[in-house]
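Here the chain labels run A, B, C and D in written order, and each chain numbers its own residues starting at 1.
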């Protein structure tokens, strides 16, 4: 699809990210058969854990897509290892609606610790897959574009190193407070989103150069 | 994906628009276990609010896609701000099937005002996101193509300025008449669709130039 | 996405076709709670109308995609009219899972005529949309590639002219025999598939020329 | 989409693969109404056949995508035969969630042999479609890129020849042991994944040449 070698892999991944993100809405149920005396508004407000879980998962998948996109601005070629580590990452992404539905069903009820544990474990697994993908691409610069931005690459490598550790902390916090644990997960998503914000605008940094966004 | 810098963002957004649009059909339920004496035809006719809500939402998402596409014929580069304001817009798009299902379930019953309020609020939020996206791209022409059509850009900026206000009017109308409120929403969708119709055919305006449609 | 002007429209349409096609599988239900004495095999065989409806709809959407793809090898530019007639076509495509589910639920039971009528009407509507799309693109060759194959274009115009009429026949047959009516629909799908089969291989006809498939 | 003639076919197929893969998650049900005394964790563990079926089907669709992608690095042009044999393949891919749901519902219960038989038959059918697709493209090199890698092409032809036979063995094993039969299916998926792993990295083999991944 592009001459630089990873176009179809990116297009396929985009499809999976987009679908996983959109399927999240299927968990938002229209209240049926309101008990007498209850209004629709009140029935909808009572579903707040569903909205919280939806928003967190949507934001997380969006940020994962932004990161995936950022990595692939540096990756210039693919090999079978990249195809499979990317596949493992997509497995994680595809799974997200399931723990999301678990949290949205069990938050505030017996079973919420189990639900939060599975929710955070999914994100640890995805963070590990991102590390695997990035390592298989960037070690010795094997699959990077010949003209990749060395500093940006080092920056990504550094910010990824501690990712899974932070998610493990979120998971451990979950044994004490489920809400705090979900908050740490959100904070981590935002942390991953920040780095390049501070960096110059993509596509601006090297004006003589076409960058895909 | 394209050399001009927003190809992957557009492809990803296309995926989300396409899926949100297609998932709307899942709300159209096949009538089961017809009560004796009722025909399938009559059972289907009784579901008319479902078809109305489906058609309105489909048309709205389609027009949003057309607008998204139109904006990106002028946008030449992306940055993190654009990625996130586009992400916020996609959040709105992904949500559309939920208020649609609400309206289709509650139109003509207690709770219809709440449903219409949520339906119109979703479109206000999306109109605001379109403004945010366009501002973050067009202010000082930061992310626009070097050779963007200044008049078309001004035209878009003008037509967007009052969008959210009009949707707020639709919402306020909803406190008096739910049907009138939905009609205003439809009218607004059509209004957004019109501007460039009167303009010259895309890709025709500047014949020496390749335009993506 | 491509330099010739309809890349993003095609990519978006591909998404809608692909999703509508894939959602059809959601209608194939796993039998639950088998009554004692019944085997899974027998329960699955009893669902044959579901498989028939699935296969017909899948084949029809596939052939529609093939036709869409064929039209767009000749269309070189887009305008707002094309965007909206294509949108109307996609509305038809997105709807297909609903009449499919109707037929699969009601074939062989009271209500089957209504179901077949709606099923065939959907295809008449889609055939009309294909005509609208093609006319808006090919009249006076307005949106065709400068170097379009005049004979292939005339061929398509001819084969489309009578499409809706044939589907109306299929619909009328449905008042006498539902099965015969569905058979006519299948035959029409195959008829639309044939023309270019007899033509030379796409991309082969004009070897010096790149054709997208 | 690409100058080499199969871009849109690949993009459309990517969409179908991505959606079929992502829809698998809809089969993973959140346990509702836990009987008193049962924990969420135990209820989730009891669903293990669902996870097994999910993982096997996800891996299989991923590997089919990898193979599809690999074939199309050699295919340079399309014709109607390719469009339809690819369509038949996509029919198989789209169906995968249904036998997956069957196995996940019936594994370890009466009906598991029927479920495994259907599951393995789906993969035989898909393996046959891959053969059909590859034959229609590679016989006499008709649709291959002018500069295709002859050795890689021969390698694919050889590895495909015995594919359906192996799946028939998996199916026959199923009459004796359902678990062994599913294990053979997994082994086959991995076998199809291996060949090019041992080969040099895609895109690396011929450095002067751009390869899409």
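The definition used in the following text is that contacts are C-beta pairs under 8 Å (C-beta built on N, C-alpha and C of every residue); 3 or more make two chains touch, one makes a residue touch a chain.
The structure displayed is predicted, hence computed values, not measured ones.
Fitting chain A to chain B on Cα positions gives a rotation angle of 90°, stated in steps of 5.
For the self-contact between chain B and chain C, the two sides draw on mostly distinct residue numbers; the shared fraction is below half. Chain centres computed from CA atoms place B at the largest separation from chain D. Inter-chain centre distance (chain B to chain C, centres taken as mean C-alpha positions): 25 Å. A straight line joining the Cα centres of chain B and chain D is 36 Å long.
Touching two or more other chains at once are residues 1-2, 7, 11, 15, 19, 23, 26 of chain D. By the touch criterion given at the top, residues 1-9, 11-12, 15-16, 19-20, 23, 26, 77-84, 87, 90-91, 94-95, 97-98, 101-102, 105-106, 110-111, 114-115, 118, 142-143 of chain D touch chain C in their complex. By the touch rule above, chain C contacts chain D in their complex via residues 1-2, 7, 10-11, 14-15, 17-19, 21-26, 28, 30, 32, 34, 39-41, 44, 55, 58, 62, 65-66, 69, 72, 193, 196-197, 199, 201-204, 210-213.
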